[in-house]
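In order of appearance the chains are A, B, C, D, E and F, and numbering begins at 1 in each one.
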Amino acid sequence: MKMVVAVIQPEKLDEVKQALFDIKIQRMTVSRVRGCGQQGGFEESYRGQVHKVNLLDKVRIEIAINDEFVDDALKAIISSAKSGAIGDGKIFVWPLEKCIRIRTEEDGPEAIG
Amino acid sequence: MFRHSKWISSGLLLSLSSTLSAQDAEPVGNALASSSDAFFILIGAVLILSMHAGFAFLEVGSVRQKNQVNALNKIICEWGFSTLIYLFVGYPLARGLNLFGSVAEVGGVNGIEYMRFFLFLGFAACIPAIISGGVAERAKFWTNSLAGIIFVGLVYPLIEGFTWGQYSDGIATADGWLAQTFGAPFHDFAGSAIVHGTGGWLALPAIILLGKRIKRYESNSIKVSSIPFLALGSWILIVGWFGFNVMSAGALEDIQGLVAMNSLLAMVGGTIAAMLFSKNDAGFVHNGALAGLVAVCAGSDLYHPLGSLAVGAIAGALFVFMFEIETEKWKIDDVLGVWPLHGLCGLWGGIAAGIFGQESLGGSGGVSFMSQLVISCGIAVVAALAGFIVYGALKAAFGIRLDEQQERIGSDLSIHHIQSNPEDAL
Amino acid sequence: MFRHSKWISSGLLLSLSSTLSAQDAEPVGNALASSSDAFFILIGAVLILSMHAGFAFLEVGSVRQKNQVNALNKIICEWGFSTLIYLFVGYPLARGLNLFGSVAEVGGVNGIEYMRFFLFLGFAACIPAIISGGVAERAKFWTNSLAGIIFVGLVYPLIEGFTWGQYSDGIATADGWLAQTFGAPFHDFAGSAIVHGTGGWLALPAIILLGKRIKRYESNSIKVSSIPFLALGSWILIVGWFGFNVMSAGALEDIQGLVAMNSLLAMVGGTIAAMLFSKNDAGFVHNGALAGLVAVCAGSDLYHPLGSLAVGAIAGALFVFMFEIETEKWKIDDVLGVWPLHGLCGLWGGIAAGIFGQESLGGSGGVSFMSQLVISCGIAVVAALAGFIVYGALKAAFGIRLDEQQERIGSDLSIHHIQSNPEDAL
Amino acid sequence: MFRHSKWISSGLLLSLSSTLSAQDAEPVGNALASSSDAFFILIGAVLILSMHAGFAFLEVGSVRQKNQVNALNKIICEWGFSTLIYLFVGYPLARGLNLFGSVAEVGGVNGIEYMRFFLFLGFAACIPAIISGGVAERAKFWTNSLAGIIFVGLVYPLIEGFTWGQYSDGIATADGWLAQTFGAPFHDFAGSAIVHGTGGWLALPAIILLGKRIKRYESNSIKVSSIPFLALGSWILIVGWFGFNVMSAGALEDIQGLVAMNSLLAMVGGTIAAMLFSKNDAGFVHNGALAGLVAVCAGSDLYHPLGSLAVGAIAGALFVFMFEIETEKWKIDDVLGVWPLHGLCGLWGGIAAGIFGQESLGGSGGVSFMSQLVISCGIAVVAALAGFIVYGALKAAFGIRLDEQQERIGSDLSIHHIQSNPEDAL
Amino acid sequence: MKMVVAVIQPEKLDEVKQALFDIKIQRMTVSRVRGCGQQGGFEESYRGQVHKVNLLDKVRIEIAINDEFVDDALKAIISSAKSGAIGDGKIFVWPLEKCIRIRTEEDGPEAIG
Amino acid sequence: MKMVVAVIQPEKLDEVKQALFDIKIQRMTVSRVRGCGQQGGFEESYRGQVHKVNLLDKVRIEIAINDEFVDDALKAIISSAKSGAIGDGKIFVWPLEKCIRIRTEEDGPEAIG
């Protein structure tokens, strides 16, 4: 089992979700985050006081997934989230030791879906 | 509204105070009457001023968060631009009056001329405030302001001049050509067609020329930011509208409870119709009340209260159905729905005065269906054309739309360099 | 309020204009007087209309975010339902007047009858707006609306009819049975007992019959959404209240600075008492001002200003303590605290007029403690019974509460299919 | 404002009603005139009351979220404290009137004395509301309230007494020493210098003595919470200001359209100047309107409308530049900018009346530049000294600032034990 | 050391927190997230425009924990978060390499608590 | 590759960001979270009803980073986030298996920066 975390542009969320649904990946946890990267940022000013804002709105998707589906998932995310412009985001993957479905107390690969 | 076209078309400032003082010879009562008029008009003007806060918050709630600040700055700045251009150009054009004489000359008794200007300005300034809601989230600040200035300086004053103002002899008087042709002059008590119709039909070509917002017709992409702010704007407008309609009488002695009653029932009709036809949708319900109020303006001094209820209910339904057709079927991206709300309901209001104003339907009569139809449609056509020409020219000359990147990050950041809730950014 | 029970109970529409024109023979002054009355009442009506926005935002801020849209839609729709039912049923019942005659007949001079209806409607429509805050977050939209319609169509008009309206001879006149028994008629200038008392005591059985919100008494489970919106609602109510109280005079010449002064001091007394007894709690402080205003209505034309300060302060304290007892000790889940706020402070206000209205306490006298006590309690009992019967019957027939799943996801989504900040959802 | 210094300085309550009834012998007109006056003043008072909601929301939007509740509670509680202290101490001191006599005595015709108190209180209560915005986010609730009580009870009433009230013979009358020295008495129609100047200059030492907020001058550390609430506050203030200015006439027959017109143009001038000089910054634009309104108060009954436009525009620019100098260069942490807004624009307004009020600049004349300069600066100096002494003494005695931990977690939690959006906390 | 991440129903947060406190687990980091799963979603409509919302409010709890406490923690979370209805949520566990307390610069197992 | 997650005091965010920028670590994903720890909490009261709030505002910074930079990053975070008072926060580190830049589809160590 792996944990796949993708940080994407907020406006791509719907497309990424759809791409994952298309390959039957329908479980995920999503949150609003702010990202700092090559994309730079902007200056905000209020009554003459200038603030540098270099944290931009992003969406973070967390997907626990069985090993055999990881590659498909990555492909789906990449193809749907990519616009080619700086700021498209990143995907991170790490191994998962356990996944439990609270409702049934199932553990392991079956619990993921 | 201000049917005393005599003094309106007099055009001579110096004659005003004499006109006023001629009303009544008894001195005490006269002083009180004139100060009461000033007070009455002031309250109307202040209520209409407050409506501009309503326009602002209706837009704040109906756009995405990244365009809230722009909505606010746009409305208050356009109020400022409108005041100046209407003072210097529009009002003299519409009413043949200018207010630059010495204070002693213009002010007269209680300075009622100044109060009148304030009231009329409130109407004129609705034009850019109406348009604002249609072009939201993508229009450039400056070209849009420029368009507003042209409308408040020229287009609206001409329409105003020919219907309420100094050129209105043909249309608004009992012996004008319109009355002679169709039996009665054009009647638009508080501006269904003249104010709202003009605003809504000016907005339509602007919206079409601008084009839809990025991703507008992709699924789940654009959602409004805040129902509470939308509702706040709606409530401020509703409350202020009683100034818009009742104080259109223009003089305290002409105050008519019927106008308030009819405004009330049209608002209720619009609310309930919108609720029923929209399955209790918050956006429709709160705008349904406004649809009723837009439609009732023209004949609020004529209708039987039950007639108003009908006029308002039809407006509420009209708004619900036409907004969906406009935005979903025709894919015209009218953000707040200003064309169905002000344009169509305003047009309907102008026509309705010729229907429900008839004695056979309980109204006070003295209106002609054809007069109402012809002039209301005429205003719509003129406004649509003017909107097309002005926005078309501005588009050709400077462009009227934010560039893609600016639209993406939102007009708040790209124009005003701030987000609506700055502290929320980390 | 409108103590001219003569014309109120006349019941003959046609006689109205003659009644009015009989007031004064001098033509100029008369025209101005009657238009000024219309203006005066209009401002009162508009201020009371604006209070409904206040009710809406007070509820928006005091519920969880998932019930904000419902609060907004409920208040504006119930305003609509109330207008219709009061026009068609309630007003004729309470006042023996109907407004369906031709405009020429009813309108009379400046259409003041229409203005009066608008003002009285404002009071009547407070009933469902008051109840709304108590049943929030779990009541069904339609059964609750139905209950409101019954209250505004029948229950409140009967109470109104017997105290202010066409059946008030026994209770409100100097030679009625009440006055003969206890020395003075019942006095409720602006409706502490008649409006707020009725609303609050109608709400109590509704709240009990509905039961507490899911998880209400588990720790940390239910928190209010927004103090700023709560405070906004409170401020709108406070400002509008000066229309509620002062314009209850009903005619400009009867305007009384004392009423404004007393409203002011009661508001201040309520605010400060609530602050002191609640350790500066934002919810209590902003509602404390309202508690003072509820309580002062009945005798605001009688009290010495310092008497009002006391009446308001007692109301503020009463609200703080009784809200805690009601919701924490008795576990009655009255979301906004409408029973202590309107029910108890309204009752207190009715009684207080019989105490602080006495000359010995600086009041203008002419009131009887017993009359105040008996009728104020009577209203509370009648309202509580009516609330129990109507909500009980609706509960038995249709159910009055959202099902568990609907309540969990919130009335916004389950009834209106939208969240209050749609853009926030991802 | 209320230039009838005769009755103001009469000081004898019992003579009031006779003064009033002496105005006019004709009974009908008189009754209507006096009730119309009461109505007129009431509307002014209610509009000014509503401005306090404006102050509250302007602060809510301009502070961090953790200090929003405190802004709200502070404003409403200080309104309460101000009412009591001004009633018991300030008003008798300023005007030589007390309102504790029996209702029959004080009330007189329509209880206009009560209405006047309500109106004047509205002005007085602006003092702590103005200061509030400067000391936000770090002042202790109680010491700050105490300072407000001292200001409304003593400092402002003395300034009021010497300019508008019972000691104003030397300064405000045509034969006082000031007029004899400089050719005309001091003129401050609606309180640019007397109200706003006093408030702003009282605030300055308070702000300096408090010191800057923690981390105020580190990069990116302090951001405002909500532009929509800031704009809401601004709009409420703008609308209410027409009561502040127009109803300063004090009697309906003295209503002047010119005052409304001038307020309008100054607001527009301030808005547009602030927009141009700030590159369309939302904070500046919405406060620019207020800057114009602050400045126009003093001479709004004198200026030619174009003069007002200039006065307002200068105020708007003054606010933008001086706010930046104050907060960025001098590092005085004036949260809302109340010193430049009320202090400087108020001072400017007082002086401007002596410039643009001159006949040579289209004004009505009768003002002296030197009189305006001397007294306006005098007020500023007195207020600054008083502020320094009162806040200095309070600082020495009790401390005026929250401790570091309280400031860090915010005044909402540390004083009121609640956050502004409680539900947001998990 | 392990990282335990639980995604639960928001209304269960208090109970889960209490259950963890009861077994002396008092350190955690919590955030609001939105979850997509079997639970489905709902339709939102604004002025005739329909949006499908399939991301529902959830709460995400992140607990770094020493190995010997993991089982107790899982049990506590499961028993307190379980309602038996779809949407109860999931628990994910992965190994942690390092845990540092910023204040003391302590590293390893002692830093966790 | 490692994933470094730091939970810090919100008011330290700017300093931490600066400290990381100083050592050329300019990619990160940030979110608002609420933390529960030794720091305790406070009581909130609304109209007499008391709520215990033991979840305090924190900021969570997530940095994917190549192994050789981890120590520097930890040092930078610690030195900038530390005030010495309870509540300063924690840093967690775990191994990362994959990191993909969506825009370029680069994978591995080069994708991180």
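Everything that follows uses one rule, which is that a contact is a pair of C-beta atoms (placed from the backbone, for glycine too) under 8 Å apart; a residue touches a chain by one contact, two chains touch by 3 or more.
What you are looking at is a predicted structure, and each value in this text was computed from that prediction instead of being measured.
Looking at subunit B and subunit C, the chains that touch each of them are A, D, E, F. Shared contact partners of subunit D and subunit E, listed by label: A, B, C, F. Compared on C-beta pairs in contact, A-D and B-F come out with A-D as the pair having more.
Centres computed as Cα averages put subunit B at a distance of 53 Å from subunit E. Here the CA centre of subunit C is 33 Å from the CA centre of subunit D. Separation between the centroids of subunit C and subunit E, computed from CA atoms only, is 47 Å. Counting partner chains per residue, subunit C shows two or more touched chains at residues 29, 32, 36, 43, 219-220, 223-224, 232, 279, 281-283, 417-419, 422, 425-426. For subunit A, the set of residues touching two or more other chains reads 30-32, 34, 44-46, 51, 53, 55, 94-95. Contact topology of the protein chains: fully connected, every pair of chains touching.
Taken together, the subunit F residues at the contact with subunit B in this complex read 13, 30, 32, 59.
On the side of subunit B, the complex with subunit A involves touching residues 215, 218-221, 408-409, 413, 417-419, 422, 425-426.
Chain contact summary for the complex, subunit F toward subunit C: residues 44-49, 51-53. Here subunit F touches subunit A in the complex through residues 3, 17, 26-31, 62, 64, 94-103, 105, 111, going by the rule given at the top. Those residues of subunit C that touch subunit F in the complex are listed here as 219-220, 223-224, 278-279, 281-284, 320, 323-324, 327-328, 337.
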